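Same chain, two partners: chain A is paired with chain B first, then with chain C.
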Partner chain A sequence: MDELSRILIQALGQLIAPATAAYALAAIGLNLHFGYTGLLNIGQAGFMLMGAYGFAIATIEGAPFWLAFLIAAAAGALLAFVLGIPTLKLRGDYLAIVTISAAEIIRFAGRSTLWAEYTGGASGLAGTAYKGTFQDLSPLPDGRTAIGPLEYIHNGSDSWWTRIFAWGVVLIAVLLVWLITRSPWGRVLKGIREDEDAVRALGKNVFSYKMQALVLGGIAGSLAGMLFVLPISVAPDNMGRTLTFFVWTVMLLGGAATLFGPVLGSMLFFFVYMLLRTGMRAGLSDVMPAQNVEHLAGLMVGVALMCIVIFRPQGILGNKKELAFDVR
Partner chain B sequence: MTADRQIASAARRILAVVVAVLAGLTASAAMLAAPAAASTTDVATDCTPDGTTACVSPIVLDENNEPLPGVDVTISGQGFEEVVTSTDGPVSVAVPEVGSYTLTLDPATVPDGMQPNAAERQVTAQLGSTARGAFSITAGSAPAETGSTTEPSETADGEGASTDDEAEASGIGADGSTENVSGWPAFSQVWQQFGSGIRFGLLLALASVGLSLIYGTTGISTFSHGEQVTLGALLGFVSINWWGLPVWAAVLVTIIVCAATGWFQDVVLWGPLRRRGTPVMQLMIVTIGLSMALQYAIQMVIGGRSQRVLSSNARPVEIAGVTLSAASWLSMLVALVVIGVIAWFLTRTRIGRATRAVSDNPALAAATGINPDRIVRIVWTVSTGLAGLSGMLLAISFGSFTWTLGMILLLLMFAAVTLGGMGTAFGALAGSIVIGLVVEMSTLIPGMPSSLRYASGLLILILVLLFRPQGLLGRAVRVG
Partner chain C sequence: MSVEKTKNENEPVEPTTPDEAEPIGAVAAAEAAAVSDDERSDAARKVTETLSHVEAKVGVAKPDMILTATGVQRRFGGMTAVDVDHLEVQRGAITALIGPNGAGKTTFFNLLTGFDKPNQGKWEFEGRPITHTSAAKLARTGMVRTFQLTKALSRLTVLQNMLLAAPGNPGENLFGSLFRPLWSGVEKRNTVKAMEILERFNLAAKKDDFAGSLSGGQRKLLEMARALMTNPTMIMLDEPMAGVNPALVQSLLHHVQALRDEGMTVLFVEHDMHAVRHISDWVVVMAEGRIVAEGPPDSVMQDQAVVDAYLGAHHDTDLGDDALLDPAVLARLEAEEEKR
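Take a look at the complex of A and B:
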């Protein structure tokens, strides 16, 4: 019984964890790419890594928090721009190939010895080096508060302040996405997703619209990367291909092309994922080592992603008609 | 009526997926049960860092800086979690991956009346070193934080100690000396790297030809092809080291099992989805899921370490001024023969010509009496078989591999296929040779770290897309 409540509380904690918020924001960006515009970005982790490095390095070099925040956003925008120029005029899968490659290359570059002076090489950047300006912003008094079974310190890495800030950013992003996708601009994006040529025939500059969507989603991704590293440290190997794939699972689970899909998907995904892992660790401890339980959980995520796409491509909240588009 | 049938077929598909997963799990479990292998996944409480092992060590000290036994610390991160109990001596744990880990002190195990100075520590594990996170536990108020440290270990041995795991996985093997020297290289070095480049290109071509064929016949850029390559390396490792097969038999087993996975995937997954008319966009996401599932399944079998396929030391052989291991030369020979066979198959046999016809225009091919469904099944089978062979030969040539092998290769395969022209088998061959040469020769540039040589692949990819999106051998069509 004790064991059970411990597992449940751990899973409940995931609902509001900063990492869950980071995934939600990354999925919001991806949703802008894939759900609304039909762009296949399989390198969201690359955008996140750019944001994480942008924020951390700027802070270490002495930038105040909001400047570092802007630099993180600019890093994502820059990457989107560079990747968009050669690919957005081509068929959809070229963007997929270029983004997945770019994400890996950024990770290699981050962990290589060439720029280790700034990026810390393979060991990355310790959290204490860049968390100061963020934690100083906290208006909360020191102490601890428990809400229900969840108890965290007010200030610090794994704190209420980190949670409030992260979910605040997510909330603002949801609001912005709501505003822009119900505008004429958002309708053009959906038009591009459904039939690019028809939109072109209406005299719209499809390339420019796609680029704007890619840049906006990239900014969301890079800010998500910043949120991701705020409670921990910048470790390039933490932000590889698996991260991208998890973000995809989160987005498709909640529902692509929906407003709350990414947020719901992220909360649900990490609740179940934690429940699954801790449950299996407790249940299978005699059968296999803890490490294999993690791998088994990852394997199940992969299978779950396949099943979602095969049986319910619109996810929980989505509309199947909106997900019937194809690469061209 | 149709609804009933749909439900029935949906149920069948669910069943198929479940069966596929179970089969995968049973296979992994069976492999785990094999002798001498389980030790790699065990968590020992004494870990010696070396070129392929990263250790994390929690240190619990009392006020006199003496070790405090009996305190539980949870090490978690990178999808790994382990609880260790401090003892009078040092305790360290081998972690599966480099990266950051969180050490969390269990306050329930701290002696009464004593206070830890922190509840958790962040450490970063690196190959060849022990990452230590210290907690000090004192009576009363908490002292100043001491933080965590990473110290290089003296026991780190030569190979791979300073290189990262990816570089080791595909590159720094027993033969190729890819260390940089200052200043521009001599001709002999350039020639040597040229030889390595041809080797890499040929082995890469085996995998990318399959990728290109799949793209040509189905329109899918399959992201799981990288894992199919790793699967080949894994099967080579398992069949030689665990089952004790001779190398030639291991090659056959690898090809057959890998081809069987492709055939099986087409039967339970791609075939039914094709008949349902699922958009290619969704199929590509399915390959992402498959890639993730395979990647974790592979990790379950071999863990996070790099594995040697051939346990004997490589025997260097010099041919035409290029020194590569004997195994590498043999691998190149095998690759050449197989590529020759593929070329013959595609141009001279009925099925091969039908494959190219389907690739060219599926509707027209179907109209001439070709069954595209059958062709696609053959393509999946052949492509995954070739990917497996490529993975095994790469692992043999480079000496060792890790589960990340395919991840890196996927990127280079895409670059090669795009360069050659997507969907053209011979373009993929040409593109692979170019990519192989560029990747190996880029290490000659002074000051270029070997881990960044794969970046040249991306550079080529972007340049090709900017200036010749249809690739070297592709046909110019208006795209967008």
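Take a look at the complex of A and C:
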């Protein structure tokens, strides 16, 4: 019984974990790309890595927190801009190829010894090197608080402050996305998703709209990367293709082109993922070693992603009717 | 420009009862759309009168041109798809661009509307050079096009399709979009206008349906209605009748005529000879990338060389006619073909 409640509490903790917020924000960005505009970005991890490096390196170089925050956002915007210029005039597939390559290039550049002075090479940057400014910002007194079964310290890495900040950023992002997608601007994005030539024929500058969406989603991605590394450390190998596909799963699970889809998807995904892993670790301990459980869980995520796309392409919150007719 | 349907007594009345609108094939539909001289609108008669003084020869100057193209060439590898020396399009008229498959009509159309780049040539719209103008900018200056394969925005509703097309909405700016008061007024006015146009195209009841759920003909109507939302001075229709059932062809033709009667210039690419014959004021014939003839519909149609060479000697033969199954008739047609 103790075992069961421990597993449940661990899974429950995932609902509000900082990493869950980071994934939600990354999925919000991806949703702007794919859900609203139809841009195939298969390199969201690259944007996150840009944000993580941008924030960490800026802080280590002495920047105050909000400046480092802006630098993280700018890093994502810059990457989006650079990738967008050559690809957004081409067919959608090219953006997919370029984003996945760019994400890998950034990861390899980060782990190479060339710039190890700044990036820390393959071992990355230790959290203590850049967390100071963020934790100093906390208005909370020291101590610990328990809400229900969830108990965390107020300040520090795995703290209430990290959670409040991370979810605060997600909340603001949701609000902004709501404001811009309910507007005529959002309607143009959806029009581009459906058929960009038709929108062009109606006098809209399609390239500019796609670029705006790519940059905004990229900024969300890079800020998600910052949230992702705030409680841990910057490790380039933690932020590779797997991360991108987790973000895709989160977005598609919640429902592409829905407002709360990414947030719900992220919470549900990590709740179930944690439940699966801890449950299997406890239940299958005599059958297989803990490491294999991780692999099995990863495999199940892949199968889940396939099942969502095949059986419920609109996700949890999506509108079935919207997918009832031919979608390219 | 008024978008309201002018309740002109001179205007042809659309059939409302089923027996009047019986689907009898494209020929009959087009013929029903054509109206005798005394029923034609003032605008139509005026255009016919103006163009009757224009000589029917390739590249002829028009009294009041809205669009001119000079020396336009588009090559794909070694093949020259379009090679047009000079063309002028009369303002306020319905000009049809016809020709056999592969004549370069659609390529020429794409060049004019900025969807393709020419190897050489230049053209002007309303006196302004538009050779290097992007498709989007061209649409903003008043030249809007539709597509041969209808491009309804499937996962937007019919009304959203319409509102999307309205120009100059401050809410379409990223920063403007954040503040609803900045654009809610414009949005309301656009909605009123969109509903008027939808009413006229019999789509008002469908306003909240996804465009993807419309039938093929309704999508054609929606695309035309959507184009009107941009306040165009010139509307370019790429095969508006393609894939539309005969009953709807008639209504589409009426809509095209109504656009002209409101003062818009219409240029359309079409295969359906009957539609062309009955509604166009001027016909331009293309073949193998060149313009080979132009003139008023009746005289161009009577140009035997044009008809034979580019439309086929038996363009009037109804291929759906059962008589064609008769070996004797087929043999006769073949013999005629031999003689040519």
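Everything that follows uses one rule, which is that the second predicted complex is superposed on the first by the 319 of 328 C-alpha atoms of A that agree within 3 Å, B and C clash if a C-alpha of one lies under 4 Å from a C-alpha of the other, contacts with A are read in each partner's own complex, and residues count from 1 in each chain.
Just so we're on the same page, contacts are C-beta pairs under 8 Å (C-beta built on N, C-alpha and C of every residue); 3 or more make two chains touch, one makes a residue touch a chain.
From a predicted model like this one, the values you see are computed outputs, not experimental measurements.
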> In the superposed model on chain A, is it clash or fit for chain B and chain C?
Replying inline: fit
>> Quick check for you: in the superposed arrangement, does A:183 touch first (chain B), second (chain C), both or neither?
In response: second
>> Contacts for A:212 in the overlay, against chain B (first) and chain C (second): which applies, first, second, both or neither?
In response: second
> Of chain B and chain C, which one touches more residues of chain A?
Replying inline: B
> Once the shared chain is lined up, is A:295 touching chain B (first), chain C (second), both, or neither of them?
Replying inline: first
>> Just to confirm the geometry: in the superposition, how small does the C-alpha gap between chain B and chain C get, in angstrom?
In response: 8
> Which positions of chain A sit in both the chain B and the chain C interface?
Replying inline: 206, 324-327
> Of all residues in chain C, which touch chain A in the complex?
Replying inline: 113, 115, 134-140, 144-147, 151-156, 160-161, 163-165, 167, 169, 171-174, 176-178, 180, 183, 187, 210, 212-213, 226-227, 229-230
> Given the complex with chain A, which residues does chain B contribute to the contact?
Replying inline: 10, 13-14, 17, 21, 24-25, 32, 41-43, 77-82, 96-100, 102, 120, 122, 124, 126, 147-148, 150, 164, 166, 219, 221, 223, 269, 273, 278-282, 284-286, 288-297, 299-300, 303, 407-408, 410-411, 414-415, 418, 447-449, 451-452, 454-455, 457-458, 461-462, 465-466, 469, 479-480
>> Could you list, by residue number, the parts of chain A that touch chain B in their complex?
In response: 38, 40, 42, 85-94, 96-98, 100-102, 104-105, 108-109, 111-114, 122-124, 126-128, 158, 196, 206-207, 232-233, 235, 237-238, 240-242, 245, 248-249, 252, 277, 281, 288-292, 294-299, 301-311, 313, 323-328
>> List the residues on chain A that touch chain C in their complex, please.
In response: 176, 179-180, 183-188, 190-191, 193-195, 197-206, 212, 321-322, 324-327
